[in-house]
Amino acid sequence: MSWEPDEMMSVAAARELRDVTACFVGIGLPSTGANLARRTHSPDLVLVYEAGAVGAKPPRLPLSIGDGMLGETADYIAAVPEIFNYWVQPGRIDVGFLGAAQIDRFANINTTVIGDYDHPKVRLPGAGGAPEIAASCGEVIVIVRQSPRAFVETVDFITSVGHGDGPGSREKLGLIGNGPTKVITDLGILEPDPETCELVLTHVHPGVEADQAREATGWELKVADDLVTTDPPTDEELRELRELVAAR
Amino acid sequence: MSWEPDEMMSVAAARELRDVTACFVGIGLPSTGANLARRTHSPDLVLVYEAGAVGAKPPRLPLSIGDGMLGETADYIAAVPEIFNYWVQPGRIDVGFLGAAQIDRFANINTTVIGDYDHPKVRLPGAGGAPEIAASCGEVIVIVRQSPRAFVETVDFITSVGHGDGPGSREKLGLIGNGPTKVITDLGILEPDPETCELVLTHVHPGVEADQAREATGWELKVADDLVTTDPPTDEELRELRELVAAR
Amino acid sequence: MRTHAEITSLEDAVADLVHDGDIVALEGFTHLIPVAAGQELIRQRKRDLTLVRMTPDIVYDQLIGAGCARKLIFSWGGNPGVGSLHRFREAIQTGELEIEEHSHAGMANRYVAGASGLPFAVMRGYNGTSLPEHTDTIKPIACPFTGEQLTAVPALGLDVGIIHAQQADRQGNVQLWGQTGVQKETVLGAKRSIVTVEEIVDELVPKPYAVVLPRWVVTRVCEVPGGAKPSYAQDYYDRDNDAYKAWDAISRDKEKFAAWLETL
Amino acid sequence: MRTHAEITSLEDAVADLVHDGDIVALEGFTHLIPVAAGQELIRQRKRDLTLVRMTPDIVYDQLIGAGCARKLIFSWGGNPGVGSLHRFREAIQTGELEIEEHSHAGMANRYVAGASGLPFAVMRGYNGTSLPEHTDTIKPIACPFTGEQLTAVPALGLDVGIIHAQQADRQGNVQLWGQTGVQKETVLGAKRSIVTVEEIVDELVPKPYAVVLPRWVVTRVCEVPGGAKPSYAQDYYDRDNDAYKAWDAISRDKEKFAAWLETL
């Protein structure tokens, strides 16, 4: 079967959730990826949504992070302060998914504002749950389409800390999670270099060249020596994904 | 009908709960008084118990502050941290009842230790919920049998602050409630003087002389010029009280 | 001393309890959003409000577009699943609307501090982000036992807390269930409160995951069936997703918005 | 990474998870007191424990009398409705037992800090009492916004949290209901946890006022019917008040206590 770039992103996201216990989910591609994982290789994956559902088992993709169906299928519903104070803050969630309007080479993320804060060119929605997810989840997976507008030398605002200004930054800031371990784009997957923390292209999706990713990046993107091609979505993955997206 | 001193204390306590919305209740005489009030003049009185029951309507006297019956008849059950943080601390409870092993002329209360803290003569149960009830309830009613051992010049340990060392003490300490407004004993009722905050005997129970109260007090007890005799328990009060105590 | 919530019309509740210049929160995290109450604020032309809400959505877009707000305290402003809030966005981009911006965790803790009667709350957050540079209500605080540097956020100091719930009884005890967000804290942390409900019932039957607000901490209860539409009220009605989508075109165009405002 | 609670015997759970010298809390506020688990600690002759509990009651009297505890962190020690705990009282009066004493509000906030992954919590309390003179874990803290002087208490740093619940499912999800005290915080604030349950069921049905502890934050689940006796387990059995009264005579007399210990 052939597939769309967004489908490849969702499938790649789902695959990262093997052997993960609990995952913090937003709406959009993260939700699609997490629900796909639960329907394929990880039926016991615990989905935690910021409006309070812990262990949600949605039969379709939720319309909002507080969709009634999430609460109805949850193992239990927590109040919002409890979600952040008892679940996110102490690092009880293994994986948090985040999106980005801008991301820099150390995977710092901006979802607040393009341009100057006080005189913004474009005002974005803001932080939501992202800063604390980025700080405290075991690891963070960023899902974002790759383009020079999004992959920038310097973000206009640090909404959520990735690897700060490089090695040791997170420790200095007292952030208990490991930060972004994967950035999944429509072109491939970037991972922080274990030494420098700089994002390196480690995977390209089938049919994508490394140069395409370089061109879609606002800094001089490093490419791994052992660059691999992502396994294409399997028929089962695509079937489950399309069923999930079609269910309304 | 004739009555026992403890019955007079319970009846006097119940009478203090007219026009009160919410009352924090412990076990023993306070619980008896509060439940008597609910059964007589104040059917809508909200009883709050520290184990979590808000609006409990017990059909009999509870065996413990977490008696199952309290939860089963409550308007709702809160977790213990919520009881103290959301209900007691912000001053949402109008009246708190406290007992005392020792009490001084400013109604400071000791329920911790008799003698030296590190080498106690008698170790008592300790603070429980009392310090914050004393600090933050709208007013505090103390229920304690009067004797020179209990009514002392200086308490060995301040478990719960009454009026500190006199006028202005509570304000200086940042305590939001008004502190003890009544001390109900088996002999009468003491109230803090509005000027000096010192406890003054304002009521004697029927058949009690002021001198008896003086002799049962370890400091030179002041007696109000307009000392009044408490109304004796009515037949209805006694009937309801005895029914309540008998129900097991 | 308050013993019961007063049961009145929404019109009276808003007229009596919300004053120009007040700090007002309308909460409901995608579920039970008090839309009818928000629109009553617009109808009564309340002005200079400091509006508080974790997730300003279309009813806040309406309030901002209608000129009710002087300032917005929030953590995520968007039309969930649809896109931007154009009135909100424009008001910020033109500098018409003052903002005080937090994360969800920061806002949740500000609500908790208010409900607890404390001036502030402590959390582990904001370190390394740009938020403290732009938001005065984020300050460092050291643990007196370990020396660890944490973050303090102040209580919100709400004048009025407004929520929508499924049910109240005739004394004004309120019960809401499903995903209940920060609604308990919104009422407990406010000087005055308005709860609109789907229905007033003789007796509240305890439900799993319910929040109960006893009668003496609620100022007003107003029966407003459908008061959370187009959001949803569990066991009453579903989210009207088309209305969320349709809002985009109205919000995007100033004239269409003005015309919409006329129909309110 | 832990994905499920392991279901084992109580004997194995205590042997595997509780080590001499650990900081251990057994919680349950008059309801669902984990008595069987406490007595298993005695049977396995655990030593030098720092025992934590808001309301040390007869099972703590037993643990202290049996010599398991080096230190007690607590807020109210008594036999509720009966009188004193004589082993507890004697151990303090003779100086055998180190104590760290708080109020209920202080203890509750220490549990909350632990569950929140914070080193401390802030409260309005203790001002003017003698407690701060004798308890090092009470310190002043100033609000960074208003300057108001408040009180800080540290997280408990529990090694093991032990509670009793009504039900667990086969994956180790736990549900308890009724008055649930600080049990959620006891499990969430501990490195390891043991939950004894009345029964293991195929499916947990959500209940009003329930606390649910998901499978991956619970270390062990042990099926121990009657494990809270002589306290009560709502919907399973009532408090055995006579047992509480009978304990007084045993606890009061050292020889009777020694004889009781032999029978355990």
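Just so it is clear, A, B, C and D label the chains in written order, and each chain counts residues from 1 on its own.
Just so we're on the same page, a contact is a pair of C-beta atoms (placed from the backbone, for glycine too) under 8 Å apart; a residue touches a chain by one contact, two chains touch by 3 or more.
Bear in mind the structure is a predicted one, so any value in this text is a computation, not a measurement.
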- Could you let me know which interface, A-C or B-C, is made of more C-beta pairs in contact? A-C
- Message: Averaging over Cα atoms per chain, report the distance between chain A and chain B in Å.
- Response: 57
- Task: Report the inter-chain centroid distance for chain C and chain D in whole angstrom, where each centroid is the mean of the CA atoms.
- Result: 38
- Geometric centre distance via CA averages, chain C-chain B, whole Å: 39
- Note on the structure: Here the gap between chain A and chain C, centre to centre from mean Cα coordinates and rounded to Å, is 28
- Name the residues of chain C that each touch 2 or more other chains. 117-118, 123-124, 148, 184, 206, 209-210
- Query: Going by the touch rule set out above, which residues of chain B reach two or more other chains?
  - Reply: 76, 85, 89, 136, 176
- Name the touching chain pairs, please: which are they? A-C, A-D, B-C, B-D, C-D
- Note on the structure: chain D contacts chain C in the complex at 117-124, 137, 139-141, 143-146, 148, 150, 152, 154, 206-210
- Message: Under the definition above, what is the set of chain A residues touching chain C in their complex?
- Response: 27, 50-53, 63-68, 70-72, 76-77, 79-81, 83-85, 88-89, 112, 117-123, 125-132, 135-136, 157-161, 164, 169-170, 173-176
- Touching chain B in the complex: which residues of chain C? 1-3, 115-118, 171, 173, 184, 188, 204, 206, 210, 212, 214, 216-217
- Note on the structure: Per the touch rule above, chain A residues touching chain D in the complex are 19-22, 44, 46, 54-55, 75-76, 85-86, 89-92, 94, 136, 176
- Message: Using the touch definition from the top, list the residues of chain D that touch chain B in their complex.
- Response: 29-31, 54-55, 74-78, 80-81, 84, 88-89, 92-93, 95, 101-105, 108-109, 111-112, 123-131, 134, 148-149, 178-182, 184-185, 209, 211, 232, 234, 238-239, 241
